[in-house]
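Presented sequentially are two complexes of chain A, the first with chain B as partner and the second with chain C.
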Partner chain A sequence: MKLGLVELRRKPLRFAIAGSALVLLTVLLLFLGGLLDGLYINSTGLLRSQQGELIVYSSDAKDSLIRSRIDPDVRAEVESADGVAATGGIGVALVGGEVPGESDLVNLSVSGFELPVDAMSSDVSLAPDQALADRSLEADGVDVGQRVLVGAARTPIEVVGWVEDTNYLQQGGFFVTPDTWRRVLADSRPDANLPAGTFQALVVELADGADAADVAEAIDAVTGGATSTLTRDEAVQALPGIREQNSTFSAIIYVTLFVAGLIVALFFALLTLERIGLYSVLKALGASSPQIFGGVVVQAVVVAVVSFAFGGLLMLALARVLPSEVPVELVPSRAVQIVVGLVVMSALGAAVSLRRVVRVDPASAIG
Partner chain B sequence: MLAFAEVRRAKLRFGLLAGAVGLLVFLILFVQALLGSLLLSFTGALENQSAEVLVYSEDARKNISASVVLPPEQAAVEAVDGVGASAPLGEATVTVEADGDDADASVFGFVPGGPGEPTRLVDGRLPTAAGEAVASEEDAGAGFDIGDTVTVVDGNVALTVVGLTERSRFSVAPTLWVTFDTYAQLRRAANPDAEEVVPSAVALVPAEGVTPQELAARVDDQVAGVDALTRSQAVDEAPGVSSVNTSFQLILALSFLVVAVVIGFFFLILTVQKQFTLTVLRAVGAPTSYLVKALLAQIGLVVGVGLVLGGLLTYAAVTGASAGLPIAVEPGSLALTAIGVVVLSLVGSAFTLVRVGRIDPADVMNRQNVGGLA
Partner chain C sequence: MAALELTDVRKTYTSGDAEIVALDHATLEVADDEIVALVGPSGSGKTTLLSISGGLLTPTEGTVVVGGQDISSYSAKQLTQFRREAVGFVFQAVNLVPFLDARENLVIVNDFGSSRSGSEAKKRAEKLLDELGLASRMDNLPGELSGGERQRVAIGRALMNEPDLVLIDEPTSALDTKLGEQVMELIVSEVKSRSTAAVIVTHDQRMTHYADRTVAITDGRLGAGRPAD
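Moving on to the complex of A and B:
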């Protein structure tokens, strides 16, 4: 095993061939993972940041916030269900915003809310025409104290603070009072106008000890099927494209990891072939097959880890020059998943050489 | 031939390489198919409608779903010099019940005979009356076939499918084309509080002698608060299209690069390992062209097997993944991928080919184990 490490230290270029391919594959894997995470994070923040356990949609909305509509009478029924501690109305208008000093409109998801989300203080209070903006909008020139002109009517709304990770369907979170949201919605989509008291959905906080699934069932029963109640996670997964994105990108990531394994297998098969003579000498001197094979595996793992480091640095550089329209988010947990995947596939790839190492005859060292 | 004899004796090495190339080809083909299908399902409806210029509200940021053109703006657009014909075009996403299941669907409301009507009708006829719709051929099997009744859940409005379009989906969802009057009826039924049903866009055809680009520029110059786009701009600049394109092109570029690196380095290592054997072959009379041809034959074999393997895997994946998004591999992109992989394999192996070409038969005399002087 030590011998393997010594060889790596003395002849690093020998491993550059497999390493360079793995560096490229690492960039590809990190980019794929970053894209998947970016799409997910920027589409689902609004729902993930809710503190209530359940989201209630109207049953004909197919779990779409924008198409859902909960009138006050339905809300009263929801509030009467067993296990419901509190409800908060929520609604969204996807509109453009004109930021002072910026030529391009910024994409906003203007959300009217009653219950604070994760990044807000529990006693949050906004005046009409005030907003808390998602910090990601800073990149578009949004700042605290500014008046952003929102929607078709260019309603001036002052940014009074920040929230984090609240974007919805790739549009920047922009939290306002319910009345302001209704006004923006009516100005921008006259055909989507909603009367006072009506929201698109309800966020439900559970009573102590209540089971989310049971309460969801109770809500839909008490409204006579007028509602479709989902847990927060179910609501996230029900967003358009989230499941498909996840399965498609994950499949591409797994195929790429498999390719990495094959490349490592290929490289070490060639390397082992080159060293048959050397291995027979080592065996003649007393080295066992597990010792020699251990060295091969250690080399594969080190090559994978070093390649990941170089690939990671390349990806960080790439992320700085990528156009802002590509929603790549580099998340540590994804990097860990990829490095573990690369190490495992590299170790498995190196294992292809096991048979040849075991079959090396020490006697062949003397001809 | 010696080249193939070597492959026969080293099945594992060449098999691993062909497997890696095959998987990379699969990755490239699948990503290409996904990209093509995704873009077509995103914007096919905009690409295959008859208006040459679409005018959105400026606030919509080139997104027809977020656009509303109010009556004063519509009138101002229609008054621009160079407009040959105009009509309102509506777009909305609705929940429909088709074949007993609820589904998301995009609905386009157009004026029959006016700009904005679908152009890729493959069966049946266009809607002419209230309650009639044309659906996407791709969704015919899911309750959207001619004669089927699709019910828009909001407001419980029934639509009868009277025709089918191809390549005319929008937002990766089943897409229905109805008359603008039916569209207005759907909007009102979905939201009784709607103040007014306004078009999402104004669809224009330029007058004779005016190009779509000129007309779009004139509309932008003369009407405030709107964004006029030619048909191709509306497709290329639709939200998500550019980011999907850039992202997928980067994935493809990296995959192609890995193919070149892997093939190139594999044959380089192999050539270095058998350098002496090749020198001996040269010394006993084998011409350089023979060795180069042998190397090219091996590259051709590996790439050929890889392409077949990648093609088969893609076929299996495309067949299995057709639910939701109809993925199809275009023969053109298949051919281009094959050419790209072959060219990149040769580029990646160029150094090795040069190395083989430069083998000097006299070097054999430098080998002590064959009596040379080292």
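Moving on to the complex of A and C:
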């Protein structure tokens, strides 16, 4: 192993081809992962940021927030279910907004809420026609103190503060009072006019010690099947396109990792062929096959880690020049997943050379 | 106790239906501090004998005892350990590790497995290189050394783990006569000063007088040894 590290230090250019390929693959993997996370984060923030464990939809809505309707009677039934500590209504209207000084409309998900989400203080209080805007809207020119003209009726709503990570279906989170939301929704979609007290869904906070699955079952039972209750994670996965998006990007990422393994395998197979003479001498001097093979694997792992570092820096630079329409989010857990994937695939790729290393004949060193 | 005892050693290879005899009932004994020159034409079995003596090949028949260890039926793993601890090789092509400096080329032998600590190995490597006249070249890579200097590093590497037997393959083949004589003098002096045994394979009759005894080999058969001139 020590020998492998010394060679890496003294002859780094020997590994430049494999390293360069892995740097480019790292950029591709981080870009794909960043795109996946960006799409996911900007589609699901509204639901992920809810503090309640369960989301209750009307059963005929097929788990769609836009289609769902929960009226006060159903809400009262939900609140009577065992394990329910509190409920809060939520509703969303996907509309455009005119930001002062900006020529383009900004996409907003105007959300009426009763229970604060993660990034809000517990005693949050808004007046009618006031909003807390998602911090990501700063990039579109939104600022605190502005009046954004919202929806078809161009309702002026004043931004009074920020929230984080609350976007919904790629539209910037814009949290308002339930009445303001109902008005914006009615102005934009007259057919979707909702009476006071009716929401699209309910967020349910559980009583201490209550099991989420049991409470979900109890809620749907007590409403006689009028509701479909999902855990927060299930509700996120039920959003349109989320599952398909995750599985498609994940498949591309796994294929790219497989390609990285193939490149490392090919490179070290060629390097091993080139080094057969050296390995036979080392074996003649008393090196064992595991010692030599260990050196090969260590080299592959170090090349993968160093390539990831360079690729990561390149991706960070690239992320700064990407247009804001490209929703790339660089998330540490994704970076860890990719570096672990690269290291594992590189080690497996290098392992392809094991058979050849084992078969090196020490006697060939002498004749 | 002899450093090397080959008794009725036979080594055969098969090529299709034919059996090729590389070594034919070879018997040879090399004393503890004896230097034996093994001479013979190409294909006579010199390299096979050297390889079997050094645990690089196993004999088809016969026994091989090195430093009191009967290695005739050792497994590949046992032979690896044996080579690490009991023999030193000087290869015809020198075969230093190109990306290690002179000192590291000696220490690497220790790294494969030795009771000697890293700092002890480094000190021993430096002492050996100093004795070999390479005190100022320890930090140089093989590519920065002359042919004679590389040969001396290879000799140091063979002696690094204080072997019972040093096996040297054509040490002067790539050197001119003067340099070849210097290298042979150095080998003899280093081997003799440690009371170590050595077998030197050479086709150069001019170098045989450095050995205590010369043994000829032809068609895999050893001739009667004769003292050096």
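The rule is short, and it goes like this: the second predicted complex is superposed on the first by the 367 of 367 C-alpha atoms of A that agree within 3 Å, B and C clash if a C-alpha of one lies under 4 Å from a C-alpha of the other, contacts with A are read in each partner's own complex, and residues count from 1 in each chain.
In this text, contacts are C-beta pairs under 8 Å (C-beta built on N, C-alpha and C of every residue); 3 or more make two chains touch, one makes a residue touch a chain.
Note that the structure is predicted; figures quoted are calculated from it, not measured.
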| item | value |
| --- | --- |
| Which partner reaches more residues of chain A (counting touched residues only), chain B or chain C | B |
| First, second, both or neither for A:Gly286, with chain B first and chain C second | second |
| First (chain B), second (chain C), both or neither touched by A:Thr248 | first |
| Which of chain B and chain C A:Arg359 touches, first, second, both or neither | neither |
| First (chain B), second (chain C), both or neither touched by A:Pro327 | first |
| In the complex, chain A residues that touch chain C | 2-3, 6-7, 10-11, 277-278, 281-288, 291, 362-363, 365-367 |
| Complex contacts: residues of chain B adjacent to chain A | 12-13, 16-17, 19-20, 23-24, 26-27, 30-31, 34, 57-61, 66, 68, 70, 92-95, 102-104, 153-154, 172, 187-188, 190-191, 193-198, 239-240, 242-243, 246-247, 250-251, 254-255, 257-258, 261-262, 265-266, 268-270, 273, 317, 321, 324-325 |
| Contact footprint of chain A on chain C as seen in their complex | 47-48, 50-51, 54, 56-57, 77, 80-81, 83-85, 89, 91-92, 95, 97-100, 104, 108-109, 111-113, 141, 157, 161, 169 |
| Residues on chain A engaged by chain B in the complex (per definition of touch) | 17-18, 20-21, 24-25, 27-28, 31-32, 35, 60-62, 64, 66-67, 69, 94-96, 105, 107, 151-152, 170, 186, 188-195, 198, 240-241, 244, 248, 251-252, 255-256, 258-259, 262-263, 265-267, 269-270, 273-274, 322-323, 325-327, 352 |
